[in-house]
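One structure is given below, represented as structure tokens, and several questions about it will come after.
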Amino acid sequence: MQKTDVAILGATGAVGQRFIQLLRDHPWFAVREVVGSSRSAGKSYGEAAHWILDGNPPEDIAQLTVKSLHDELTSPLVFSALPKEAAIDREEALAEAGHIVCTNASANRMVADVPLLLPEVNGDHLQLVDAQRRSRGWRSGALVANSNCTVMPVVMALKPLVKYAIRRLHLVSEQATSGAGYPGVSSLDILDNIVPFVPGDERKMETESRKMLGAFNGSSIDELGIVVSATCTRVPVVDGHLINISVELEEKPDLDAVIQDWISFRAPDPIPSLPSAPAHPLRYLEQIDRPQPRRDRDFGNGMVTSIGRLRECPVLGYKFAALSHNTIRGAAGCSILNAELLAVEGYIQGTRVAETATAT
Amino acid sequence: MQKTDVAILGATGAVGQRFIQLLRDHPWFAVREVVGSSRSAGKSYGEAAHWILDGNPPEDIAQLTVKSLHDELTSPLVFSALPKEAAIDREEALAEAGHIVCTNASANRMVADVPLLLPEVNGDHLQLVDAQRRSRGWRSGALVANSNCTVMPVVMALKPLVKYAIRRLHLVSEQATSGAGYPGVSSLDILDNIVPFVPGDERKMETESRKMLGAFNGSSIDELGIVVSATCTRVPVVDGHLINISVELEEKPDLDAVIQDWISFRAPDPIPSLPSAPAHPLRYLEQIDRPQPRRDRDFGNGMVTSIGRLRECPVLGYKFAALSHNTIRGAAGCSILNAELLAVEGYIQGTRVAETATAT
Amino acid sequence: MQKTDVAILGATGAVGQRFIQLLRDHPWFAVREVVGSSRSAGKSYGEAAHWILDGNPPEDIAQLTVKSLHDELTSPLVFSALPKEAAIDREEALAEAGHIVCTNASANRMVADVPLLLPEVNGDHLQLVDAQRRSRGWRSGALVANSNCTVMPVVMALKPLVKYAIRRLHLVSEQATSGAGYPGVSSLDILDNIVPFVPGDERKMETESRKMLGAFNGSSIDELGIVVSATCTRVPVVDGHLINISVELEEKPDLDAVIQDWISFRAPDPIPSLPSAPAHPLRYLEQIDRPQPRRDRDFGNGMVTSIGRLRECPVLGYKFAALSHNTIRGAAGCSILNAELLAVEGYIQGTRVAETATAT
Amino acid sequence: MQKTDVAILGATGAVGQRFIQLLRDHPWFAVREVVGSSRSAGKSYGEAAHWILDGNPPEDIAQLTVKSLHDELTSPLVFSALPKEAAIDREEALAEAGHIVCTNASANRMVADVPLLLPEVNGDHLQLVDAQRRSRGWRSGALVANSNCTVMPVVMALKPLVKYAIRRLHLVSEQATSGAGYPGVSSLDILDNIVPFVPGDERKMETESRKMLGAFNGSSIDELGIVVSATCTRVPVVDGHLINISVELEEKPDLDAVIQDWISFRAPDPIPSLPSAPAHPLRYLEQIDRPQPRRDRDFGNGMVTSIGRLRECPVLGYKFAALSHNTIRGAAGCSILNAELLAVEGYIQGTRVAETATAT
């Protein structure tokens, strides 16, 4: 089977490197084009990228020549790890030119006809792509976003609770520094310290969660009408965002029922058979002092959300902690899973993996 | 002027060392007796204590012989940094024997006739000592507690807001490891990690805050009838507890009015003239990313509570962050301030500092 | 094929947990007995062990009942993660009773007839077991030690340089806190700090290196006659010991020749075919700022030693940095590799894996 | 007494902020001009500087308008915290224009007629200023440098040992991240990690130490003819550079004699009476696990070098650890002490503090 060619925008940055790492042995996709800033363009990737993940970049990628942002691309599938401003400019143009653009950038997330996709939570929002193509006159291209890395564990943990009618949500995050990219957070700001503010993230948690948990009405998304209060803080942790969640539910399930909802949660077909999908997207930890970033972030190749400490909240009814790997499940890994769903649903032209996977 | 002799229980531990450090040049009190475990008793303090603060223990203290827990003490004033179990046993016996016992232990905090004292917040609770002496038949002794180190910044920040009628409180702490004593938190549990659970602290935040913000009714404390939900987490920070606070007020003051309440907050006389009292117990930081533990914990010799990020909370109305130095203002420093108030109010027998201070 | 039964001494501690983690899917060995302190004995492992590694202990191990140190064991192969004092007592008795004891404890390392085994470096020292059995009258038992975790990367990196005649060695380590076990190093000692002293390790580096690089003379080990100066420091890193090494060689190879020696270094047969052996035990990193603990410790499943920064030393001639994962290659992983070599060489009674492996 | 006006170049950076913090209540000097990049020029200092030290910048400084690098300055005394390239350009021009320039930049350190001044070590090198003025035709201006922050504790600790004839020196540093300025070291490079390379510092340790320990021969400096091997590493510590030092001495003093040399070390008059000079520049710690950055860096207001762990080195004879606060004694604090010596020796025009201080 021929793999689908992939281009990565913002390939030398922290999230770009995660894309390359996670796609190293991908069964369906193969990285053929890497796109960087004007400073990197023309160099080999190995030379241009200051590799900050474990080990070294894969040999074959290291030898690719970095393209510049406005070079034409040949890959049908494009992953974007661009900063917001560059993304505004470029992502739409690429989708218009016929590419499937799966983006981790925030620029287009709240645009009405762009799905803010987390397959296990709102895989059906993918249908928005048809509306998007109709309204914009695109034939083969599409623009699909994944959420902010801090919102991600929240909506994942809440998805099985939507049936109880969520009313109000109070969120306090303790976020890893990798969420700010590289070089990102200065060591002088975070060693032996906490920064009780993360630019932009509180607003994103309040808006993106409503869209992601919303319902596709046949042509657009009806946002979930919940009240959300978010506080975002930065802590001296490399990877893994921990969110302290308090939630008010109209129905009042037992704590045990909620835990059971999490444990038994499965994504609908064909999502569980996608290469990057964990068998169980949620895990509940019985230990009283878990989840913990360093010990739980890598579970399920960093694609599983870990939950713990469910107990009564005197103010809102229920409270618990949720944790996800922010640069895997909360960024590059989610974009890849989104692309896998697009592939299997036949949205990526010339990609035959769809049938194979569905057959499985 | 003769200084009052002081004994320190649990003198070799982390909080015991803070007592010694903070009393080094105290104008009224002088450490004359240090009490340790059976393992330490009989050794010189310098030999028995593994000093974990900056520099070395003061020379004169290093040469004191460590007494054992049941040795008789001659000092009228006793500071206790005992673990809970030892405290239950010993603190009451010492108060009964005529000592003024200012304790940082949790054992007696919620006992009805024991003031849980934070002078700027509830200095008038000191009158409970008279009830305590009457009911227990004590003449010169007394037992006065200070609060848990995580509760402390919360009640300090809320004190000026009591007038708006506090209804509900939602607290998420990010606590330094020194709060667990020494050796306390293992480095393997906290490097590049968060532990989302601190044994006992959530309950303490929910109970102690109601007592501390309560009113003295002439013979006992009427607790403040507020609903409190607390989540306590441990982060890789040496000193300084940061609390993310959301609060519901019956009255709805402007944000500016609340900031003004904090800035203009002063303790009633004679508290501001006590040697360890900061001129302004509260500080509001205008920067959007403050307070921060490493940069703000030492302000005002570690005795000032720093507040920042006041903004609207979609769920409870108001939210902000508060920070205090947990082993200074939240532990030893608070006990010392409590003792200074006891001295100036004439509760410590044979201590003449009272008049001097009042005269000032 | 039947797997060999394995017992783990000190199974609830930090290194004991690594044994369990690394043996989870071992092709030859299966953990059947776990031995703990009197406090743990009688409980299930899941209950007794405060699991500090990623995730949870394997289900089947969690259900084993913890035995006490003096219970009889039925497993022919015993891994020891005991503290030194308990090891002195127990390891020799078990070997005498017929068990193969592969120990990570320091108690017996410098005993003359105990091989201090690092297969790629001194696999031939295994022959000392025959001398050991003869002199002690043991038939099926044996006692084999692995080195201190800080010595390990040093001898591994030096092995290919022995041919140049090593004269003097100057070592400064920057060690991870996991080297001290759990709870081990207090967070208050190491956050935002360095402790420039690690009890016992400097002496071990100076003695164990000479034994490990020594030659088996047919009946005992002739130590390598080198002068060694070691300084050991502890830094705020979870796993991975970095050693700054300066070395004087009698011959004066080019820097490139030395790098080539490292890159081309292979262990003699049958070592490369052992399940836990990395294909290439050494890796040289060209980047000027490597090796780094967090980014390089896990290379080759934590079994490869990474080297970097080879350059001239104005004092001793050559200097470079070497790094190994201290609780994998430097502890449990090395013991397991030692046991694999014992198995393949026919030292473990009733173990048929030897033939299989040799056949491969 | 009128204070001398001071300008600070690079005032908004990390070292610039230290200058402002340390000069807050200086008895002789008052900051009147702050100079920043073109991005900061024209703004108030409070607005332009992202203050990274404890608390806030002093009120009066916060209100100064930031000047740009090529604006004319009126202050006779100029402290420079410029990056190297800007320093090359500007420092010499300011000295030529009549200013006394005390610089922390590396640009001019190894220029033959520029004193590389650490008063307690080589206060007599100040006489080089006369040669400098003669050869360059300057009348009131001068250019005086202080050393690299990692070299500083080395030469301070070695100064009392020069009499034993130092031959060879082997240095391995563990450096705090503040040494790289702000934002400097990314948190992603240093959390749970070590970077075994600090650009430029190894060469500086090998060259600057020879100049600083050299002798003024009446017109220039004869460098000390020692062999130096330096390895520089970066660790997750905020402030305080720890250096592991091995040294070969031609004479062979007892260890006790060396400790006595350190304890009894004093700077010659008038240095001990300068406002920023510690009474004892060196401190020897008897505890086996000291000095430690977090616990010892602030001793003597960050101006004292702490030494510990003196013992025999099998390779070079003597080894020990030395620690200094890198942004106080190793940077801004040293520049200020240099300026105080210049003032008291009459080099700063219109400064009358000289007589006062000498009189004391």
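Going by the order they are written in, the chains are A, B, C and D; count residues from 1 in each one.
Note that in this section a residue touches a chain if its C-beta (ideal position, glycine included) is under 8 Å from a C-beta of that chain, and two chains touch if they have at least 3 such contacts.
Remember, it's a predicted structure, so these values are computed and weren't measured experimentally.
Q: In the touch network of chains, how many steps separate chain B from chain C on the shortest route?
A: Graph distance in the chain contact network comes out at 1.
Q: In terms of CA centroid distance, which chain is the most far removed from chain A?
A: Looking at centroid distances, D is the chain farthest away.
Q: For the homomeric pair chain A and chain C, should the interface be classed as same or different, according to whether the shared residue numbers exceed half of all numbers used?
A: Copies use mostly the same positions to touch.
Q: When the contacting C-beta pairs are counted for A-D and for A-B, which pair yields the higher total?
A: A-B
Q: If you fit chain B onto chain D using the CA atoms, what's the rotation angle, as a multiple of 5 degrees?
A: 180
Q: In whole angstrom, how far does the Cα centroid of chain A sit from the Cα centroid of chain C?
A: 40
Q: Hey, how far is the Cα centre of chain A from the one of chain D, in Å?
A: 48
Q: Measuring centre to centre with CA averages, how many angstrom lie between chain A and chain B?
A: Their C-alpha centroids are separated by 44 Å.
Q: Listing for chain B: what residues touch at least two other chains?
A: In chain B, residues 52, 191-192, 236-238, 294-295 touch at least two other chains, as defined above.
Q: In the complex, go through chain C and note every residue touching chain D.
A: Listed in rising order, the residues of chain C that touch chain D are 168-170, 172, 174, 191-197, 206, 227-229, 231, 233, 235-238, 242, 244, 246, 288-295, 308-309, 313-316, 319, 321.
Q: Considering the complex alone, what residue numbers of chain A touch chain D?
A: Touch list, chain A to chain D: 14, 52, 177-178, 182-192, 236-238.
Q: Inside the complex, what are the residues of chain A that reach chain C?
A: Result: residues 52-55, 191-192, 238, 285, 294-296, 298-299 of chain A touch chain C.
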